[in-house]
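Note that chain A is present in both complexes that follow, paired respectively with chain B and with chain C.
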Partner chain A sequence: MRKILTVGLFTFRELVRSKMLFVWLISVVVLCGLAFLLSLLSYGDILKIFMDLGLVGMEVSGLLVLLLSLAVTYNTEMDQKAIFLQMAKPLTKEEYLLGRVLGFFAMNALVVLGMGAVVVGLVVLVGGGVVPVLFYDCVVFLLLEMLVLSFLGLTFQMIGTTMVGVVLYSFFTILLGHCVGEIEWLLSKQLAPAARFLLQVVYYCLPNLEIFNLKDRVYDPTLVLHWAQWQDVLLYAFAYSFVVFLIGWISLEKREFK
Partner chain B sequence: MNSLGFSDRSAKWLPALIVAGFISQALLSSRLSQWVHPEPFDAQGPKVDTKVTSILRAVGFLSGYKVLVGHAFWIKVIQYYADADNSPDRYSRLYDYCSLASDLNPQFIPVYTFGAAALAFHLKRIEQAEHLLQKGILSNPNETRLKLMYAAIAYQNTEKFQQVIPFLEEQILRGDAPDMLVNILANTYQKVGRYQDAIHLWRKILKDSDSDLERVEAAQKLQKLYAIVKNENSDSHR
Partner chain C sequence: MKEDMSMTDLPCAIQIRNLAKTYKTGFWFKPKVTVALKGLHLDIYENQAFGLLGLNGAGKTTAIKLILGLLKPTVGQISVLGGRISDRRIRQQIGYLSELPYFSKQHTGRELLDYFGALHGMSGSALRHRVDEVLELVRMTKSAGEKVGGYSKGMLQRIGIGQALIGKPRLLICDEPMSGLDPVGYKEMRDIFIDLKKIGTTIFLNTHIMDEVERICDRIGIIHDGELKEVSMVTDILQSSVPVDYWVDVDAAQVSKLSGLPFQDAIQKNGGVQVTGMVLAETLALLTSRNATVKGVRPLSSLVEAYFLRAIGAQEHLAVSTGGRK
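Let's turn to the complex of A and B:
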């Protein structure tokens, strides 16, 4: 455990040194500014609009940091062979991979929570509004999404052979992960067997990111969120992360470092 | 150790673990979808107006940023309504635009109130305004503003009193109806000839209202209603 934490801390420091926190600062200025501008241009409940757009900003900044971190660390670890230094230490490959995920997740969590603090601060202190009850659940769901995507991104890093490939795999998986609901809808229609099979494979392999998408339903009065739902969401997040981690671990073991 | 670097023991349980984990996540994914998408896409009825097709709708539903696309599109709707160049055709696409904005962002109340007010009071397209408000009420069952607007539009549209009464009664029975809604229902009863129900409601307003103006209005209404009932009774005796 200590070794995992050490790798995690090292990864986190590496990402901080790579100026990833600037992404957070830029996101705060650009996304909050955009949200403010849109809420002024629009007609209706300004604080509600700002809150909705702020939640989008939190997710976008987290995803941006994740993709950039993947690109930056692929360059240093794989291309510049920095991974050799880690592998030379008394450290198993699963400990290395788990530590990397932990570092990535810590950086993502910092950015998402930092952005959330800015949004809440502006809504409550400047706008004099109230934070909706589901906001906090939404933030936890976002963090769970970031955890799953950190596992997924690092697994792609272990599988991928180029930086561009890793970023593209991750980007399209994130994009398609949000289409799972619509894929399910398509599966309920009359389809050719081959198309149905293909969709079923995609449906079961993709991460169901819509499960974590509470930001579109923060003001939904019909949404029920009890312990049973929490249990299912947590189980899903850990089950998916576990499978992805095992695949990443096998890929790392198979990888030949020359 | 085998060729992958795993111990022989790990190599045995690793595939089984991957399969077990995969099956459990697949099962959970299907189970959770029922919660995330509680109703099948087709069964959402008036909530999602499939007549209104748009690339934006597809982008919103597929990208996972439905609300963001909804807010951006809402600005376009406002610009459309504010542009005088669209007035020659009486803003013919306003309902379609409002409907799409509400599909993308069903919990954003101004889409319904603004859209319905423009359609009903300005453009006199009452049916479209009512349809938009019905969508809003189905998506936001606790939102009083929408019911109030619905009642106001129906009240304005004098031929449809019978349809608005059950809506108003349901709202008032819930106990959280604003006084204005009770007034509208009382007036509606009077319009359709249900004088006893109207008298009952005005008496309630006279008794419960905190506003002097409302009590005066209630007293005046009651005087008129008593006179009407008295005339009707005397006519029937003759």
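Let's turn to the complex of A and C:
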């Protein structure tokens, strides 16, 4: 456990010093600017606008930081071969992988929670409203999404052979992961057998990121999250992460460090 | 392969049997197969420094990566410190320095050593003490607080050797450790190796710097085209009669006295001639018989270098290409 924390802290420090927090800072500036503009222009519910903007900002900045983290660490570890020295140390491959994920996740959590604090500040201090309970559920769901994507991104690092490839795989997986509903809709239509098979493979391999999406329903008075729903989401997040971790671990085991 | 048989009773730090490695590159339907190592059979004894010599692409780095488990052998077995490299207790006792090591630029030298020390299971004051000790050893105490991104090649190499030494290794494996070092850094690194030898650390070096080998290693192996050609004690080589090339410096103004001799053109052009040890006496006799003034004779290579060139069959090729004796 101590070695996982050591690798995690090392990765986190590397990411923080690679100026990843600038993404967060830029997102905050954009969010506050938009919120100010919309508060001047809008006749609608300003609190809802702050909340919608904030939640989208939290997710986008988290995803951006994840993609940048993957690019930065792939360059250091794989392209420049910094991983060689670590693999020659008394460090198991699972400790290395879990440590890296911990580092990525800590970075993402910092950005998402930092952004969340800004959203709460906007709603309470500027809008003079109250933050709905579902907002906090939404933040936890977002963190779970980041955890799944951290595992997935790291696995792409283990499988991929170029930095661009790793970033593109991750980007399109995130994009398609949010289109699971559309894929389900397509599967309900008449399709050629080969196309159906292919679509089913994609459907079952992709992470269902919509399961973590509560953004549109934060102000829904009819929505109450029960423990059973929490269980489903938690189980899905950990099961998917575990399977992806196994694939990453096997890839690292089989990888040759030429 | 020629091998010395004088030490077979010594305990082995690394035992390699019938090791081979082939790489497949290109498309899966049209693969290109490269043979990097062929049937390597080698014992590295404890408390000794072993140097693996070879040209670029000879298979030295592949051998090291196979020993460390960074590559998987196509066939063959490797035993390191009596066990398998996949066992982390074995890796705990090994220090490794890769060729031109790369580190995250966002960390300081001290943070890097802290990290690698923690990977060796150290923590708290023991770790801090060991990091200070290693920084002192590799002469990096003053720059320890600076980020690695601002380090020179030589400083990176020193931090590299520092991380290899952090766990007090029983076996130190270094791939081209003198790469990028200036003469002072080179001497300091050499002194570190000599000190480590004194405390009983087994050292495995990959190199093509002959001087380094002569001063540090007890035993050398020569690898060429993926095949281990020879293994010998350095002391045996230094006492052997390996032919060394010499440069015979002749007064070019007296070239007219040398008409008809095969090296007349070389002397006219270069002011001297390169000859092998075997024909040195004969050459000097010829020059003396023509009353030519020989200004000096000096060896062009060390015995280890000559031994290496002979083992890889490069000596005659070199003699021809440098315009020497045909």
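What we mean here is this: the second predicted complex is superposed on the first by the 247 of 258 C-alpha atoms of A that agree within 3 Å, B and C clash if a C-alpha of one lies under 4 Å from a C-alpha of the other, contacts with A are read in each partner's own complex, and residues count from 1 in each chain.
Following the convention adopted for this analysis, contacts are C-beta pairs under 8 Å (C-beta built on N, C-alpha and C of every residue); 3 or more make two chains touch, one makes a residue touch a chain.
None of these values were measured; they are calculated from a predicted model.
Student: After the chain A overlay, clash or fit between chain B and chain C?
Tutor: When both complexes are placed onto chain A, chain B and chain C end up side by side without any clash.
Student: Figure out whether A:246 sits in contact with chain B (first) or chain C (second), or with both, or with neither.
Tutor: first
Student: Once both structures are overlaid, what angle do chain B and chain C make about chain A, taking C-alpha centres and a multiple of 10 degrees?
Tutor: With chain A as the vertex, the angle is 170 degrees.
Student: Go through the superposed model and pick first if A:151 touches only chain B, second if only chain C, both, or neither.
Tutor: neither
Student: Check whether A:13 is in contact with chain B, with chain C, with both or with neither, and answer first, second, both or neither.
Tutor: Touch status of A:13: second partner only.
Student: In the superposed arrangement, does A:84 touch chain B (first), chain C (second), both or neither?
Tutor: second
Student: Determine, under the contact definition given at the top, whether A:221 touches first (chain B), second (chain C), both, or neither.
Tutor: first
Student: Touch test for A:104: chain B only (first), chain C only (second), both, or neither?
Tutor: neither
Student: Pick out the closest CA atoms of chain B and chain C after fitting on chain A and give their distance in Å.
Tutor: Minimum over all C-alpha pairs of chain B and chain C: 7 Å.
Student: Return the residues of chain A at which the contacts from chain B and from chain C coincide.
Tutor: Residues common to the chain A contacts of chain C and of chain B do not exist here, since the sets are disjoint.
Student: Of all residues in chain A, which touch chain C in the complex?
Tutor: Residues 2-3, 6-7, 10, 13-14, 17-18, 76, 80-82, 84-92, 256-258.
Student: Which residues, counting only chain A, touch chain B once they are in their complex?
Tutor: 38, 41-45, 48-49, 52-53, 56, 93, 175, 177-182, 184-185, 188, 203-204, 208-211, 213, 215-217, 219-222, 229, 232-233, 235-236, 239-240, 242-243, 246-247, 250, 253-254
Student: Hey, which residues of chain B end up touching chain A in the complex?
Tutor: 4-6, 14, 17-18, 21-22, 24-26, 28-29, 31-33, 35-38, 40-42, 61-68, 71-72, 74-75, 78, 105-111, 114, 139-143
Student: Looking at the complex, which residues from chain C come into contact with chain A?
Tutor: Touching chain A from chain C are residues 23, 65, 68-72, 88-89, 91-92, 94, 96, 98, 101-107, 111, 115-116, 118-121, 123, 160, 163, 167.
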